[in-house]
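Two complexes follow with subunit A in common, the first pairing it with subunit B and the second with subunit C.
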Partner chain A sequence: MEFAVQQIISGLALGGSYALVALGFVLTFGVLNILNIAHVQTIMIAPMALALLTAAGIPAIVAVPLGLLATVLFGALVFLIGLKPFVTGRGRATYLAPFIASFGISLLVENLVATLLGSDPRSFPITLPNDLWHIGDFEIVPTDMIALGVVALTLVILAMVVNRTNFGRAMRAVAENPDVAAAQGISVAQTVLITVMSASLLGGISGLLFAAESFSEAPFMGLDYGLKGLVVMILGGVTSPIGAVVTGLGLGVVESLTETYVSSVFRDVITFALLFAALILRPQGMFAGSSREARP
Partner chain B sequence: MLALEGVSASHGNGDVIGGISIDVAPGEVGVILGPNGAGKTSTLRAIMGYLQITGGIIRGPDGAMLRGMPPHRIARLGVAYVPEGRGILNSLTVRENLQVGASARRLTGAQTANRIDTVLGTFPALRERLGHSAGLLSGGQQQMLAIGRALMASPRVLLLDEPSLGLAPLVRREISELLLSIKSARNLAVLLVEQDIRLAQRCADFAYVLRRGRLSARFDRSELADRNALRDAYLGHGSATGDGKPSSGSTSWHTTAMPPPGRFAATANKIGR
Partner chain C sequence: MDIIASILVPTLIDAIAVLGLYVIAASGRLSAGHAAFFGIGGYASGLVSVHLGLPVPVSLIAGVAFSAICGALFALLADRLTHWFFAVATLALAAMVLGLVSGLDALGGATGLYHIPLWTGMTQAVAGLAAAIALVVWLDASMLGRAMRAVRDSELAARSLAIDPTRVRVIAFAIGAGLAGLAGGLWAHSVGIIKPSDMSLEHSLLYLVYLSIGGVDLWAGALFGTFLLSLLPEIVRFSGQYRLAAFGALLTLVMIVRPAGLVTGREIDRIKSLFRGKRMVDPSETG
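And then the complex of A and B:
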């Protein structure tokens, strides 16, 4: 029993990171109405930047924010160069063109990083407390608790920003109807850019958590975890932030229990089988919102 | 306050309106009448910066040149726009819709709350629905919210696209009275697109009739009472060119300098929007 609870906590920690990735997808899809595959590389940029910075002797307390900053700038750059031409002005295209462009950028970036830094996995450069915490009969992995705390804090801040601030309202206005938002004096271009940067920050945070939980990082880690985030986004209803969080946590627990009681071989099988089943049984997602109907 | 001189605009393939000249002073309500596809909505969207202006001059508050500006900058200059279909943000609450309306001005939270209070003074029915999702309001309430949201930015020019659409006659009357009180209380320049001639007669200081993307006639307040002249202009009678010269009482004319843009262009864009 205790063992199962421990595995569930591990699953929640992993799932919380999935949820952050999925929320990044949800936010960008909300304001742009396109799928930005290159978003998966934000997961890789932060830990790789962290590795370079700590190798250069910069202390972790400075290197972590710098790594996240690099991720945010990376996300902004990808958007401005690779996606913006497709979604604004004369270049306005179907959803397919920016999707393929972002996929190309994603491949380009991960291979570029692999060529420059080597494709071998590295160990996570920051040493985290390794001894299990004993709470009653439970043995808790400290990294899991740190990850859960970071996820919870991030979610609370995100919810505050989205629901309570001018920027959050502007973002939701742009997501529902960009023309109407612009008529209220909201700069759509600026709102979209800040949203993409926020999504990249979420990706970067999740990347650091993935690397810390698995003690390893590699140039090709982005797509591995990013695809799970994508599955969570779709299962959760594509535009529903709450759906992304609940589905993300659920998927983490399912994966963790599968790994423990079935086999780690079946972990990804289960994930994608769930996606397959959901697409057949409930294609609109578990938590499909209503705001999509308002889009022209 | 709002002045268009010979404005032509396009969606990228041919002009949908051509040579439009309109002048609305503070405290005045100007109405654009006309059949479907005449370019009424396109005229408002051209002013608001959604269309590509291919000719002419648009001046906004303080004589600012609006041509070429993106919509959000035009909004920040004090031009508020209530689109056809009201443009309510359904996924936001009523309060949030009002808050978003203040985006054009840099306001503190307290100032925004004050303005919401002022707007609710005009639209008391919205007060008890503040926390509700705006999508759940009735049509009349949504129109109130749309106008209230436009007022949140303390605009100097108000563009309204068919506020009467889909509303009961009683609510229509309410809206025309509301417009009259708002324009005098706030010294607003109001440009209204309408198909409801009665509403136009009630609140307009003057009216233009738009046909096939150009203005065909202008009626002053006194002339608006002449239903026959209005109807003739509306339907395009009384002129071989189809320009719709009214049978009596026309004061101002806008000459046709370019071939009339096709009706289809205007209609097609209405559907495509």
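And then the complex of A and C:
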């Protein structure tokens, strides 16, 4: 019993990170109406930047914010160079063009990083407390608790920003209808850019958590984790932040329990099969929101 | 000669798979996990010839049929998903099939299936591609092909013409998966081994890159993209990850400048008009 609870806690820690990735997708899709595959690479940028910075002798307390900053700048760059033409320019006609272009950016970035830094996995550069915490009969992995804490804090801040600030209101207005938002005096371009940067920050945080939980990072980690974040976003109802969080946590727990009690070899197969079944039974997602036609 | 064949045979085989992707795109769908069907066809064909000892042409047909059935089932189940969500479902399917194949010992696990009889050479690859082109050309001109494009352009209008969009899309996906299965079978019989890395996500993305850069409007675009992007790097000796990074950059650029790809109907019309010696009227300009 204690063992099962411990597995559920690790599952929640992993699932929290999936939720952050999915939230990044929800935010960008909300304001852009483009499914930005290149977002998966924000997961990889932060840990790889962290590896470079710590190798240069910069202490972790400085390197972590710098790595996240690199991710945010990366996200902004991807948007300005690769996606903005589709929002304003000639590519507007087909819905597939921006989707395929974002695939192209993703391919470019991961292979560029792999060429420059080597494609082999490396270990997470920061040493985290490794001794298990004993609480009653439970043995808790400290990394899991740190991850859960980070996820909870991020979610609270995100909820405050989206619900309580002017920027949050502007973002929701743009997601609802960009033309009307512009008529209310909201700078749509600026709001979209800041939203994309916030989404990249979420991706960066989740990337650091994935790397810390698995003790490893690699240039090709983005698509592996990002694909699950994408499916969480779709299952959560595409436009629903709460759906993304609940589905993400659920997926993490399912994965953790599958790995322990069913099969570690077939973990991903079972995960995708479950997701697939859910997608077919409830194509509008588990928590379909009410806004906009943008849903599967 | 051998070096030329070793470059050309995989390219010809890839072109068959990309033609399959073209058929799927013609029905308004996008498969981001197309290599899954390449793998399904390859494994099915390999298993039939290794374990049942049947001649290669029979195993190839079995591979195509199995791949097409899998494709039809998938398309039917996922038909409620629209555009990019469908594409993400194909990506998830590819990840699932890949995990299944790498984990099953009966299929050789991560090392793959060995001792598949060698059969595919230059002649067989060319014949396979010719058959695929013939099928696609016939399809484009047929009632079904027109129904596919009608569904792609407007599902509502297609419905009003008594076209069943689900049926058309499922058939298109089955044909596309079948062509990928043919490519996989030919590949398995050309190197004697099929392994999980043959159906990796990277391969799926490469097919998408070939088609998107070549052009989704015409079957010639699929061929052009495949041959250009497979042969050019061989000629300029561009390798590995640089190549993929360059493809990524090129893909983004083409999507921004020419969202329909490099080869579109307009170019073909222009070339035709050169030979006829009269000026074509561009339909998009006359509005």
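The criterion applied here is as follows: the second predicted complex is superposed on the first by the 288 of 296 C-alpha atoms of A that agree within 3 Å, B and C clash if a C-alpha of one lies under 4 Å from a C-alpha of the other, contacts with A are read in each partner's own complex, and residues count from 1 in each chain.
Everything below uses one rule, namely that a residue touches a chain if its C-beta (ideal position, glycine included) is under 8 Å from a C-beta of that chain, and two chains touch if they have at least 3 such contacts.
Since the structure is predicted, the reported quantities are computational estimates derived from the model, not experimental observations.
For the composite obtained by superposing both complexes on subunit A, the positions of subunit B and subunit C are free of clash and fit together. The superposition-derived angle at subunit A (between subunit B and subunit C) is 90°, Cα centres, a multiple of 10. When the shared chain is aligned, subunit B comes close enough to touch A:Ala183, but subunit C does not. In the superposed model, A:Val231 makes contact with subunit C only, not with subunit B. Within the superposed three-chain model, A:Arg169 lies in touch with subunit B and out of touch with subunit C [touch as defined at top].
Touched residues of subunit A were counted for both subunit B and subunit C, and C has more of them. Look at A:Leu279: by the touch rule set out above, it reaches subunit C but stays clear of subunit B. By the touch criterion stated above, A:Ser123 is placed in contact with neither subunit B nor subunit C.
Taking the two complexes aligned on chain A, the least Cα distance separating subunit B from subunit C is 10 Å. Looking at subunit A, you'll find residues 90, 296 touch subunit B in one structure and subunit C in the other.
On the subunit B side of its complex with subunit A, the touching residues are 12, 48, 50, 70-72, 75-76, 80-81, 83, 87, 89-92, 96, 99-101, 103-105, 135, 149, 153, 273. Those residues of subunit A that touch subunit B in the shared complex are 90, 166, 169-170, 172-173, 175-177, 179-188, 289-291, 293-294, 296.
Interface residues of subunit A, counted against subunit C in their complex, comprise 35, 82, 85-86, 89-91, 93-101, 103-109, 111-112, 114-115, 119, 223, 227, 230-231, 234, 238, 263, 265-266, 268-269, 272-273, 275-276, 279-280, 283, 295-296. Residues of subunit C that touch subunit A in their complex: 30, 32, 77-78, 80-89, 91-93, 95-96, 99-100, 103, 201, 205, 208-209, 212, 240-242, 244-245, 247-253, 255-257, 259-260.
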